[in-house]
């Protein structure tokens, strides 16, 4: 049972240093740095920097806020890209046919791909473009091939300077769904994502820096069940210790039935489309800093 | 908060008579008859007959079992259709763009529609066909028009002998998701469905018998939270009374956050497609009893 | 055989007066007025005003041009709406499951629907909104009900001040595909559209003014064949008379095979999405003239 | 201008030996063998065996005929697979977002993938399964990576015994659309497919035998134009020589306008779905000859 599972470093409780600031646009920007082996163990995720952007409202994010999220995402990615990166592979993880899991594939569909245009563009445009390629490799159950296998093959061939991997996440708190973006310079390690244990996508396995961009789209039903009990115990004046004891108790009761069930907003189809737009815009801005937003939109339409 | 909400008469606790039998094919067929005003009040749903077909396994229903479900569905519908019904309007309720809610629209896409073929068919085929039309009227938020308004307009015009209304339901137990079909001769009353309060689709409002066909696709997150507490209390040896008290307590805690969240299997996209196939096949068999399954499939492909 | 079929009044040859101007934004705006019974006969379409907006480039319309098209569309619709219209029904004709035919349904999905919000909005917003509802009634082959039947039922019930009907058209010239918008105050008469003979949607049948908005998405294959011959004959120095004779000759040869075949660009899926956006934006601007573009986009996202 | 372009060896005129037989099920099975360099030059395609299955009717193929097509496809593939092949990579070429081009990706979605199940299956099932994996690599314009690059990477890694590449084709005659399947042991050479010049997928480039499975989904508009003229000339009693002269003439006239336009049936969305089902069933039967059809369908549903 995935009680209390989260893919967000911010939600993992631990002693790693956390900096938080509220930006003028209303976004809360938090940075968790895992710098020691102890913190790595404690938080259950690799050493590195985890930037989290979250906006106050959920479900229907205002247009201005979405633009601000794209800009902040672009800034966070730009800071993690290796200096002078010329070629970048963007990959959308997850299953295109499972709505909340389709965030990655839907995002890469909107990324401005330019690697194949070499030599076909006017010079004044060409010199302002990076070389970007994009791939949604599908999931193991659909292809029979590990995502990491496909990407190892591709990075070996394309030899990018960095990989950006976009994925749907699971959060601990339902308030995080579709209102939080996590950007990490750690790549993606097994056990992350919406229930898929796939092999790691990291600098170690792919040979180049891997920037992970993720947005929580679901909470596990078992987390909700566990939280209900926590709320109850606290309302009763119980302590954290009691909660742990109770959770373990419930775990036995609800495990099987709730194992694979997820909690999402009913409007998740529309939320995925909109968030894919926010992510793609941020990625396009980060990878083509010399293009105007209108130029990018125009090139996408061709 | 929709704690413990269910659209299944079978899950509503009450004193209405329930008959249950296990069919040779492995399906459990249960009939709940609400025949008194007291039972109507107690169960919170209109007088009438509610047939429930449920199969033991969840998620991946074997091919044989799906065929058996279609046959039993056809039988249940046939028993509720007015004798000598010649023209039937099948309507798929729900929002085509919200995956678990799309069951109705996806089902009507697969219904064999024949009303417009009058006079275009060879006589030997024509005399074996009923006159069937189909409409997915969309939801209020998308059209600005109440579903009941659209259907009143249509039934006034088409003058069918009966309406079959297909809808996605919410269940109390996650084990019911996509493994149970409810067929009721009561039509659909406000408050049913996945959170849509729309006006009633009943013999009273539409002027003809309305057969409701529904399949649970979700459980409310608040139900899961409430159930977790129930399990906990029972595990602790608590009584039903305690549970009620605790549930009301939790209700205060979790209400806002979980209000609109739903619990579904991750594979709900594929489950909706498959269940729409089962329902359409059952409806087609009920409405065109003189056609062979192969003939129906062939006519659908044209 | 639909040799030389066109849904555009502009392409029908005749003696009706035509005014044409090139707007500063680069759009060519043409107005054909059919004012006599003779012209009606000659052009084979009802009396009324046909505004055509066309932009020079095809396939990939620049962002600026798309915005200009939306503005000009809004202006043309506003001029045809009855003064003081408060309630408007927007209907998207065509088959959602046939890509080039899905323009209507895809457009209404993006129309800002407000009829059901009466009483739920802050006063300062409410008084700037019109009452808009939207319906994609499906096609006869899918529903078994004539589009005109469904819309008669709906207009009788909703009692709008006008209907806007969006449809995909067939053109004579492949250069018109997805680069031309026709707005007509005549409604839609049988024989229009992509090969669907459905009954008329006009002031006469629906009881309120019907504004038709259409964009050519296809050319009939038989038109292409016929044109090839025309080109050949002209290249040979032949006269129009010869062409007619030859066309009738070819008509016999190619009729059966090409009857139902259409010619489209390969990218028609993307073109439909983009043009649906242009049309919906123009319709939203025309129906809610007091809202800013950003306000409309924000309300659509909710 | 692609006047008279075809991807079908059967439609390429030449002196290669052709065997043709009508099977009891009504399918015509034709085998073209290109065995000499002269024939290769003459027909403009590589040496090898091209099997063509065609069924008399177009558009709506009866259920029995579709089953027969799957069986014959399975037989043709089985004859071309290397003896004792244990691992096969099925790849669906083409752009998932362009309807007629989506045949490949839609087919691989329905292929029974088993490579990742090694060790998870009961022995009696496992020993009857081959190891199959599947990939839809997308097209150059969407990914920025040549299809051949992606597949070279994958075959190097997966080391299959054979590749099956599924693709949409262009035909010479509109009567071939969706009623003909071509199976070739030659792989796919540049210039094939619906207008995409991608690098070759052949034994030479991928290192293993490549079986190409293709179905015509379109005819080029320029082919239709050219054919119209041919018909005309023949109707006038002209000779082949005249036709060539005229075609070259027309070529000048219509080239630009019709260059990228395709001719398809209006129902191409539904046709692609149905044909993808036929192809996937044939491939599944060829790759898992020890499984029953019902077993395959059941495993696909899991």
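Letters A, B, C and D mark the chains in the order given here, with residues in each chain numbered from 1 onward.
Keep in mind that, in the parts below, a residue touches a chain if its C-beta (ideal position, glycine included) is under 8 Å from a C-beta of that chain, and two chains touch if they have at least 3 such contacts.
None of the values given here were measured: they were computed from a predicted structure.
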Message: Using the stated contact rule, I'd like to know whether A-D or B-D comes out ahead in C-beta pair count.
response: A-D
- request: For the copies chain A and chain B, give the interface type as same if over half of its residue numbers appear on both sides, and as different if under half do.
  value: same
Message: Can you compute the centre-to-centre distance for chain B and chain D, using the mean CA position of each chain? Integer Å is fine.
response: 42
Statement: chain A and chain D have mean C-alpha positions lying a whole-number Å distance apart equal to 38
Message: If a residue has to touch 2 or more other chains to count, which residues of chain D qualify?
response: 97
- prompt: What topology does the chain contact graph adopt: line, ring, star, complete, or other?
  reply: complete
Residues of chain C that touch chain D when the two form their complex: 97-101, 174-175, 194-195, 218-219, 221, 224-229, 231-232, 235-236, 246, 249-250, 252-254, 257-258, 260-270
Task: Name, in rising order, each residue of chain A that touches chain C in their complex.
output: 60-63, 274, 294, 297-298, 301-302
Task: In the complex, go through chain C and note every residue touching chain B.
output: 97, 109, 113-116, 131-138, 140-146, 149-150, 152-154, 156-158
